[in-house]
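Multiple structures follow.
Look at the two complexes coming up: chain A is in both, with chain B in one and chain C in the other.
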Partner chain A sequence: MNSLFLNNQVIVYIFSETVLALLTLIIFVMALKFIRYWDFNSFSNFQLKLEKEANLVMTIATFLFTLKLLLLIYFVYTIDNLSLIVPGAMCGAGVISANDYGMTLLFVKIIVIFGLLLFLVVNHYDLLGKNYPLFRFKSWVIVTAALLIFGEFYLDISYFTNIDTSVPVSCCSALFGNLEGANPLPFGLDIKMLLVLFFTLYFGAVVALYLESRLLSTLLLALFGVIAYYSVVYFFGTYVYELPTHKCPFCMLQKEYNYIGYLIWGSLFFGLYFGFIWVIMSLRSYKLERIKLASILLLTLFVAINSFYVANYYLHNGVLLENIK
Partner chain B sequence: MVEVENLNKIYTVGSKQEKVLDGITFHIQKGELVLLRGVSGSGKTTLLSILAGMEKPSSGKVLIDSEPISKLPDIHLSHFRAKKIGMVFQHFNLIENLTLLDNVLVPLVANRVGLKEAKEMALAALKNARIEHKKDAYPNRLSGGEKQRGAIARAIVAKPSLLLCDEPTANLDSKNSQSFIEQLMQMHKEGQTIVVATHDPIFETLECEHRIIDIKNGKIV
Partner chain C sequence: MLNNSFFYLFTLSLFKNAKRYISITLLSTVVIFLLSSVLYISGSIKYSLQKQLNLEPDFIVQKRVGTRLVPLDDAIADKIVDIYGISEVTKRVYGSYFFDKEHSAQIVGIDLLDEQASKAFQNILRKEEIKSFLSSESMIVGEGVFNYLKSHFYPKAYNFFTPGGKLKKVKIFKVLDSKSALFSANLIIMPQDLAKEIVGLKENQVTDIALNVPNVDEQSNIRSKLESLFFSARVYSKKQMQEAYENLYNYKGGLFLVLYLVVIATLALILYLRYTLANSLEKKEVAIFRALGWSIKDVITLKSLESISIVAFSFLLGTLLGYIYVFMLGSPLLKNIFLGRAYEASITLIPHIDWLTLTTIFILYATTFLSAVLIPVWRVAVTEPKEALG
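After this line comes the complex of A and B, so read on.
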């Protein structure tokens, strides 16, 4: 075990994740039981017992999943703070790439949060029905989310126990500096094309959601998610830092940048999540206007914040940074 | 109106199981007055609590106005209870630090009735229960009979489909008991569906059409 594992924040984080993983195990087993035996039309002792247990399980799940949302923010905050301990790291970007588990863990966490939000929405609408109309679907969401949470827990332990504090890591300057000369953007895009795609996909996704086209919404939201990530790292982020070579998704989470990264990434992810949740729920004949509106507003907020940084820089300096070629 | 089929209730205390209701089946039509009769411990109150949606059965079907109340999610159950069930308790269960009028307003608040309309309804219910003159009094300033009339006003104020009374005369003297029975008959005449759980012999003098369901050791006899 390395010394970093005994860091206060890591201990708190791992302890919290362990407790939540144990609770997840309970609801996982119960959800499997529900999937196997649930029959709302039955008035048997077993079914009535299941209904009572369902109340308990859904309460635990709601509690657990809400905590997981908070714990994700704490995780980001923790790895960002660990940059003071891990040699070579200047922010979370260095810490997360300190071993092979980091990026996978972050990716799994992002997927888990989507599953948890989906559960919270499905659970809400299930309880609004008198006969638990989404109960089986909800149980499947719990089972899937639980499996992901177990995987996430394994990655948590593997990640934190495998950070070698004696070996310097590459951080944003080195990490993204290495890419100079090579094009780091996907599909051979340049920055101009990236921005055209960014705004086109944003408008497309918003219009598709507004017109309630499920297939188009899914496609455009997914593409916008990918393009938005690269746009923030390789273009908009540089205006947050006011430095054309500073291409980092993590530094903007720090105090020096007024924690704006939480708002930028939060509005992007929750905007995408709500969009996908709207699609999934509409497949089950639920037209969730508020969720759709939340998605559109959050994505608009995301685009507005990013655009603001560019506009603000231009208004103050009369020029743009050098990264548009 | 009320359909109960093969209803069972088992309480588990430690390793011991006690069957309080055993295969209860009956139907109640709209507008019927039904007396659930039985000695203390026969299961009347448990049955009434299940009909009120305050307890869940161990097994069996309970439908009120075709709604399976024992299976409704909590949010719907609370709404259903506030709207469709009125309950008169043995110990009245008035809230001590609210006036009688405010006590009667409570179910209307749960039903989200506007304050002006709610006050009108509460005053009408107090008048109907012949206790309007005590509307500003606190429960500790009321006699047993007055409390019971207040409790009736609270139970009927939201115009419930089903009125449940659990040993309503157990804490009343014979004069107030007789007065309660008169009120009960009046409500029955007006078409209210009523179920009364009692072992008070005074109900044998009931001078209106009614049905008796005798319960012994958790079974209908």
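After this line comes the complex of A and C, so read on.
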């Protein structure tokens, strides 16, 4: 038997995910019924029943969102802890790359949280309307989120059953650091261009959101998400660790770095989530000022924390870690 | 809806209906108490092991023939010192001694001329004591060993049998503090030459050799150099030992947790039934709220808050009781699941709780409890006022 399955955290994690997958199944079936039979103008008993069921879907979705968010943090913390058992791993990066499922799983988890958050926002405005104006739309959102949750559950099981504790994995410096001269950055960028893009895209995204340009916001937010990830791993992260060779998205989640990674990645993801939610809702002619503001503030917080680490290092040492040519 | 008067009503109904929730709260508290006790014990043991492992050397070189551990020639230590990048090479002497078929102790020989060993020894013996410790053939024993010897009428000294069958009388010099009992309960510390005689080693032989490699990047390279030092050399690293301990306690804690899931599932079933069979009074209460103009969502919010309060209260109470039971009362009965051996009954667990343990308990319990009551709570909330009041 895979010894990982006797790890307390893994057992609790898999158990909780199973319970949540079962609850998801309930709302998935209900949401399909809504899409097929929902008719607000009908006074039949069946329609009344559907309206009552809508309340259950809402309650379960809120519960799912809260627990999925908690479980995402728990998952990251757990795989970080598993680095003690998995040979070769020094932090979560090694464990998550122990097989092909890990990174996909993490990505799907992040998308699931987005789906559920989108549902909560849509649901909120749906209930404010007198005749459930967004009902069909939110049912589609929940069906999509449910499908993603099923996929996530499959990946959860596949990921944990396929970690071989007898085969050494790579540590983060082998995965992200010493690439023997190969450029890990996308589009053939160097660090200088990466930073120029990072700040340009940030300002661009904020201005596009402010000016309420949907197309531009979507494009710039998506690009900023990609560039921000690379910038944190290959540039800003090294200032968190104060070591030019330490390039890792996971180590900053550890106690040694005051868990700052949770704030860095949290502000980035929620900034992007709110930005995209603003775009989606504005397509339905809802102009959500507070969501837009939250997005701008969170992205600014993200940029501020990262810049703070660089500035702080420079002020203390008078030099940067690497020459930016 | 979530305004002051709502919370006022919520607290009012919580206290007014306290009786209704007592059984559920008690049951949940017992379930959490049981889980938290087990996780505290395994967590505390792991913590002590981890602390101890941090003091362990980076590598240990042993000689194994077949499965047997064979004594090493101490000249090998000189060869090891010559390898660049290695520091603090220590020759170690230890072995098991069986008092009878059930009771054994771990004998450790200390070389007081060795800088590292004598530094570690300062915590056990004061400087002025060291001279008198060395002047006579004496030993320092763990609490478990001491209790055994005392109960067998050897309160001051013990007559060891050497492997040759000769008797060797050794005085008890001191008893080790029970705080470190996880490691020291069945430990006997004595000068290295005396230890060699009792465990049956020749003068130029040692059990194994420990060493440190300060630069982490050099470790794998040095490891292969050590392995090629002599035939049948076995090199163990600190990480290997960490993994082994981690797996051992994961196994014990994990097996318990898997069985415990059955308990949790039963709790979920009880909760589901309890909430489904909501009494007519509860239904009437909801009906009045609905008749007063509350939406279904408001009722669900109120009922969910009630459940969340029970979860929070029983979680706090259960984990607190677990703490008292494990660390203040010494966890009678349960401790033996983790520590089976006779001596180890005298072990005091070092109080240590980390966030991960508490989060693990909370996630397991909160997910189960709230998932089990979601649907019944919704059913009560959607009851038609006419139906409930009629």
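What we mean here is this: the second predicted complex is superposed on the first by the 319 of 325 C-alpha atoms of A that agree within 3 Å, B and C clash if a C-alpha of one lies under 4 Å from a C-alpha of the other, contacts with A are read in each partner's own complex, and residues count from 1 in each chain.
By our rule, a contact is a pair of C-beta atoms (placed from the backbone, for glycine too) under 8 Å apart; a residue touches a chain by one contact, two chains touch by 3 or more.
Everything numeric here is computed off the predicted structure, so don't read it as measured data.
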Pick one for A:127: touches chain B only (first), chain C only (second), both, or neither.
-> both
Figure out whether A:9 sits in contact with chain B (first) or chain C (second), or with both, or with neither.
-> second
After superposition on the shared chain, which partner residues are touched by A:60: those of chain B (first), chain C (second), both, or neither?
-> second
Where does A:40 make contact in the superposed view: on chain B (first), on chain C (second), on both, or on neither?
-> first
Report for A:70: first if it touches chain B alone, second if chain C alone, otherwise both or neither.
-> second
Considering only touches as defined above, state whether A:20 meets chain B (first), chain C (second), both or neither.
-> second
Look at A:87 in the shared chain and tell me whether it touches chain B only, chain C only, both, or neither; answer first, second, both or neither.
-> second
Partner with the higher number of touched chain A residues, chain C or chain B | C
After lining up the shared chain so the two structures overlap, which partner does A:52 touch, if you call chain B first and chain C second: first, second, both or neither?
-> both
Looking at the overlay, what does A:286 touch: chain B (first), chain C (second), both, or neither?
-> neither
Overlapping contact positions on chain A, where the chain C interface meets the chain B interface | 52, 55, 127
Contact set on chain A toward chain B in their complex | 40, 43-45, 48, 51-52, 55, 127-132
Residue set of chain C touching chain A in the complex reads 39, 42, 239, 242-243, 246-247, 250-251, 253-255, 257-258, 261, 264, 296-297, 300, 304, 356, 359-360, 363-364, 366-368, 370-371, 374-375, 377-378, 381-382
Which of the residues in chain B end up touching chain A in this complex?
-> 5-6, 8, 56-61, 67-68, 70-76
Contact footprint of chain C on chain A as seen in their complex | 3, 5-9, 11-13, 15-16, 19-20, 22-23, 26, 52, 55-56, 58-60, 63, 67, 70-71, 74, 77, 81, 84-85, 87, 127
